[in-house]
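Okay, got some structures for you below.
Look at the two complexes coming up: subunit A is in both, with subunit B in one and subunit C in the other.
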Partner chain A sequence: MEIKTDDYRVWTEGSEIFFDGAMRLASSDAGASITALATRVLASNPASITLNLKDLHFLNSSGINLLAKFTIEVRKHPDVRLVVRGTPDIPWQSKSLPNLKKLHPAVVLLMD
Partner chain B sequence: MTTLFGTPDIAIGMKESVSRVRLFDGPLDLSWRHCATTSDFIADLFALRFRSSRNDYMEVRHSIGYLVNELIENAVKFRAPGEIVIEASMDSECFKLKVSNDVDGEDASAFQGLLADITVGDPMDLLIQRIEANAANPDVGGSGLGLLTLMNDYGARLAWIFSAADDSDRICVETYASIPISQIHN
Partner chain C sequence: MTDLDATPPRPWPVLRLNSFRAKFLIVVGGAVLFDLLVGGGVALWNVNRLSRDATQQIESGLTKASQEYLQNYIETTALRADLLFGRMHSEVTALAASMQRLIDYPEAKDAIGKALAKNPYFNAPLAYDATGNWVQTRQGSPSVMSVWGYLLSADHQPKPEILRDIQESAIFDIFGTSQMSTGAKKLQVYYVGPKAGPIMRTIPYSDQAQTFDKLYPGHDKANFWDFFFPGVYEGWEGWIREPDSRPVKGDDITATAPYIDAITGKLIVSFFHPLWTKDRNNVAGMVAADVTLDQLADIVESVKVADTGFGFLTMSNGNVLAIKPEGEKMLGLKIASGAAGQGVTGLDRSLKKSTHATVAALELPADDKTVIKHISIEENGKAQPYIVVLRRLNPVNLWNSTGSITAETLMLGFVVPEREIYASLLAAQQSISSATNRILITQVIAVIVSLLIVFAAVFGISKRITAGLSALAGAAKRLQAKDYSVRVSIPTRDEVGAVGVAFNRMAEQISFHTENLEQLVDERTRELGDANQEISALNEKLRDENVRLGAELAVARQIQMMVLPKQFELEAIPGLEIAAYMRPADEVGGDYYDVLQNGSRVKIGIGDVTGHGLESGVLMLMVQSVARALQETDEANPHQFLDRLNRAIYKNIERTNTDKHLSLAFLDFEDERVTLSGQHEDVLVVRADGEVERIDTIDLGLPVGLENDISKFIATRDILFGSGDVIVLHTDGVTEAEDHERKLFGFERLSQSVQRRHGSSAEDIKTGIIDDLMAHIGIQKIHDDITLVIIRHT
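Let's turn to the complex of A and B:
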């Protein structure tokens, strides 16, 4: 499964979802295809889901909201572990990703 | 009649050397691209003085770019047909931004209602509450999340002035923002 635009790419490898590029969604609705992709991974009921954001250089607030909503969806499945992989080298990730743990304390946030 | 929301002391005239960019009206898809191009340009310009430190440069460039992008995106989404004026300046402590555009009277009222809700209280609590409410009821929309993200994650201080526009059906909105440069170094 892959979503590709001029600015960003999202694809899955097993239950790991990779994000690459600069994502400036015009609204939460603009990310519907990404939400659908992530929801399909969740529906397969894996032991864990990883959001790999290490190559996502920019994400606007609509995109951050999309990640937050998906985190809340995963929270409804206590048997599914959510791992979020980011990097301290990309400032938006250090600033905004810790908020996901406030929504779902069981999120494993790996900033390496 | 002028109405103010947010931190009053930053809603004053921009100081000495101000850089100004004017975005003309156009189709949404093109305007959306202008948000990215303009915010990257302003961020590049103002981060230049931090070139000597790679970390500072990356932080400052990102924070300015994020702030400018969010506020221009809002202006592009909600403006009445017409231009958007972006003014920016920086001193040793803060990067300051002012975004001016007209909106329809109805949109101005809705926006004022939103601002009344999100400018009082702790931004972290408000951000989490809004995300939860939005997830529980998709019809609520994501409104205000960008502004709360700026306040909470970027330490932005924000203010808005609404005043009568030349066209009587419209309201002129000036959005003021200030982010501390010293805090960016952290």
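Let's turn to the complex of A and C:
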């Protein structure tokens, strides 16, 4: 599965969801397809879901909302481990990703 | 269907000059014509040359043959004439030799004379004629013996020496009679005595003296020789003195020019043979023979060359002796009358007096070679070419009327019209010419027939060839006139046929596409019409909606802006100098800031709702209202304040089922201390001395609206806020604004911008930051709401 625009690309490899580019979602509707993609991965009930954000240079607040909502959703599935891979070099990630851990303490946040 | 169906395209005219077919015909016809003309011309040229060569060959052959024939003929004829003369000569010579023998043997002569005198037949009595004063033998004698008066004695009898000669010459009656009856045909032979006694004995008998008297009166008054043949006797006497003076060597015979014989009245030539005395010192008379020219003329006139060719005999002076009347007429000759000599009447019929200049100017040959001349003689007013062949006969001694003896060569001449002698040549030429003409005509006819056949064939073929092209041209015209139903039928299997097939295919495709296109256009037009209607309807709806939405947005924006703290409110806050800036990305922004004052407590909030637009704006309004309400309940605990606010907002978000939340932080100002709570962007503090502090808010809360209870995440942090210190609050629209290289404005630039202006008023700092920010953005799109709040401790 893959979602591709001029600015960003989102795709899955197994239960790992990759984000690439700069994502400026104008509204929550624009992010609906990404939510659907992530939900489908979750629906497959994997042992672990990885959000790989290392190449996502920018994400606006609508996108952060999307990640937060998904984390809350995963929280409802205690048997699904959520791993978030990020990098402290990208400002938004160091600012927003810790929130995901707050929302769902089981989240494995890998900032490397 | 087009109007072409009503008036179908005119068929191509059969031979329009600029049509392909006409050009085809002209090119092929021209090539064939050229070919035929060149071929025919070469053939004709060759035929012409052949005929010319053949004509030349034949002409040269025939001319040679003709000339040889003429030469042979004239030489044969000349031989015959010469033979005739030779015969005369030999007969006269024989007669003369007999007489000369007797002279040379006088005893025999005397004895024979005496013997014959005794014979009354040979010694015929002489009768005196008183009228003429002559004596002559009587009728019935073997010869006529005339003795002129001047030879008579007084008794009318011949003088004794004359009588002796009479008796002695009686032997001539024997010789002469036999000569007359044998050999060449002669008029008469006669003996004339010497000048001293010119008695005349002639065989056969005739009234000789009577005739002389009648024709030549006075002849007896002069010596016979002198009267009749003046000069001849003297000439002979000259020969005795000088034997070499004979004009014709070794020949004693002397001929006369033709003359009209006094006795017979015929044109005759006399051949004289002189007799000599025994000692050869004197002339002793002569023996002569008269020959009519008829015999020579027979030879000459019997000449027949071709149809009308004739012969003539002329003397060297051009006097024509023998010629047929037709020839005489043809050559324009006339006999001059009355040219009388003393004794004989000559004939004057000279070529030099011909009425034809060409004949008069005819040059006679000077040697014994046969000469062939070509002259043109006028005949019936038209010049006709003639061939004249001339040949000299053997020379003879001629006594002429002037009294001298000269060598005379008679000439034989043949005259024949060229057209006759060359009749075969002309016939051959005619035949060749007509053959050539026939070939020419045949050739011309062949060329014409070939041309006609070729033209007919080309015409037919061109019709077949160009029919396809014509059909194509016509069809193309109809196609041009938009008659797509047109098809051509070209049965040939050549390139034209292939073009026809391709044309039909193209026409079919054009037809298909055109008709389909029309159908398609119809369909599309219909669909477009429907769509247009729908669009119109939608457009109308949209317009209505837009108007409505626009109105709503305008109201929301107005309300949002209305709830922002007013300038006078900010100015009324003691100890703080506050400047704020808000610029929504859309009509309605998602950013929030507020300055709430309740008594001595001043609470400043800043937040950022995810997204923007009406929904975000409304959420922001809610936040503002809840915060205001909480402030009014004197909620002094920042933790409680935020927790309650979160609960209120969370529930409202849940109710409105919107995917939004917001970062939200509050700053509670009290004297020189600020209590910071809630999670938002980093807070920038620039101290009065210009030092910059960056305060992270991550651990001071959680985004509002995500969770019902965030209390466990809420924390506070106290910040010293002395006089001259400046706190700068912002939303991510500031730090995340991009320049044309998509570089973010960033926190660093923000802090530098503030730092540069530390010490300035809040308003100036705000204006400066906005200026720097706008310079950074340039003409790039502003993605997010921009909010900036500058708080300076006075």
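We adopt the following convention: the second predicted complex is superposed on the first by the 112 of 112 C-alpha atoms of A that agree within 3 Å, B and C clash if a C-alpha of one lies under 4 Å from a C-alpha of the other, contacts with A are read in each partner's own complex, and residues count from 1 in each chain.
Just so it is clear, a contact is a pair of C-beta atoms (placed from the backbone, for glycine too) under 8 Å apart; a residue touches a chain by one contact, two chains touch by 3 or more.
Since we're looking at a predicted model, the values are computed, not measured.
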| item | value |
| --- | --- |
| First, second, both or neither for A:I72, with subunit B first and subunit C second | both |
| First, second, both or neither for A:K95, with subunit B first and subunit C second | both |
| First, second, both or neither for A:A43, with subunit B first and subunit C second | neither |
| Set intersection of subunit A contacts, subunit C complex versus subunit B complex | 22, 24, 26-28, 58, 60-62, 64-65, 68-69, 72, 91, 95, 99, 102-103 |
| Subunit C residues touching subunit A - in the complex, by the definition given at the top | 590, 608-611, 613, 658-661, 663, 679, 698, 702-703, 706-707, 713, 732, 735-736, 742, 744, 746-747, 783-784 |
| Touching residues on subunit A, where the partner in the complex is subunit C | 22, 24-28, 31, 58, 60-62, 64-66, 68-69, 72, 91, 95, 98-99, 102-103 |
| Subunit A-touching residues of subunit B, taken from the complex the two chains share | 28, 32, 35-36, 58-59, 62-63, 65-66, 69-70, 73, 77, 124, 127-128, 131-132, 134-135, 138, 141-142, 145-146, 149, 152-154 |
| For the subunit A and subunit B complex, residues of the former touching the latter | 22, 24, 26-28, 58, 60-62, 64-65, 68-69, 72-73, 89-92, 95-96, 99, 102-103 |
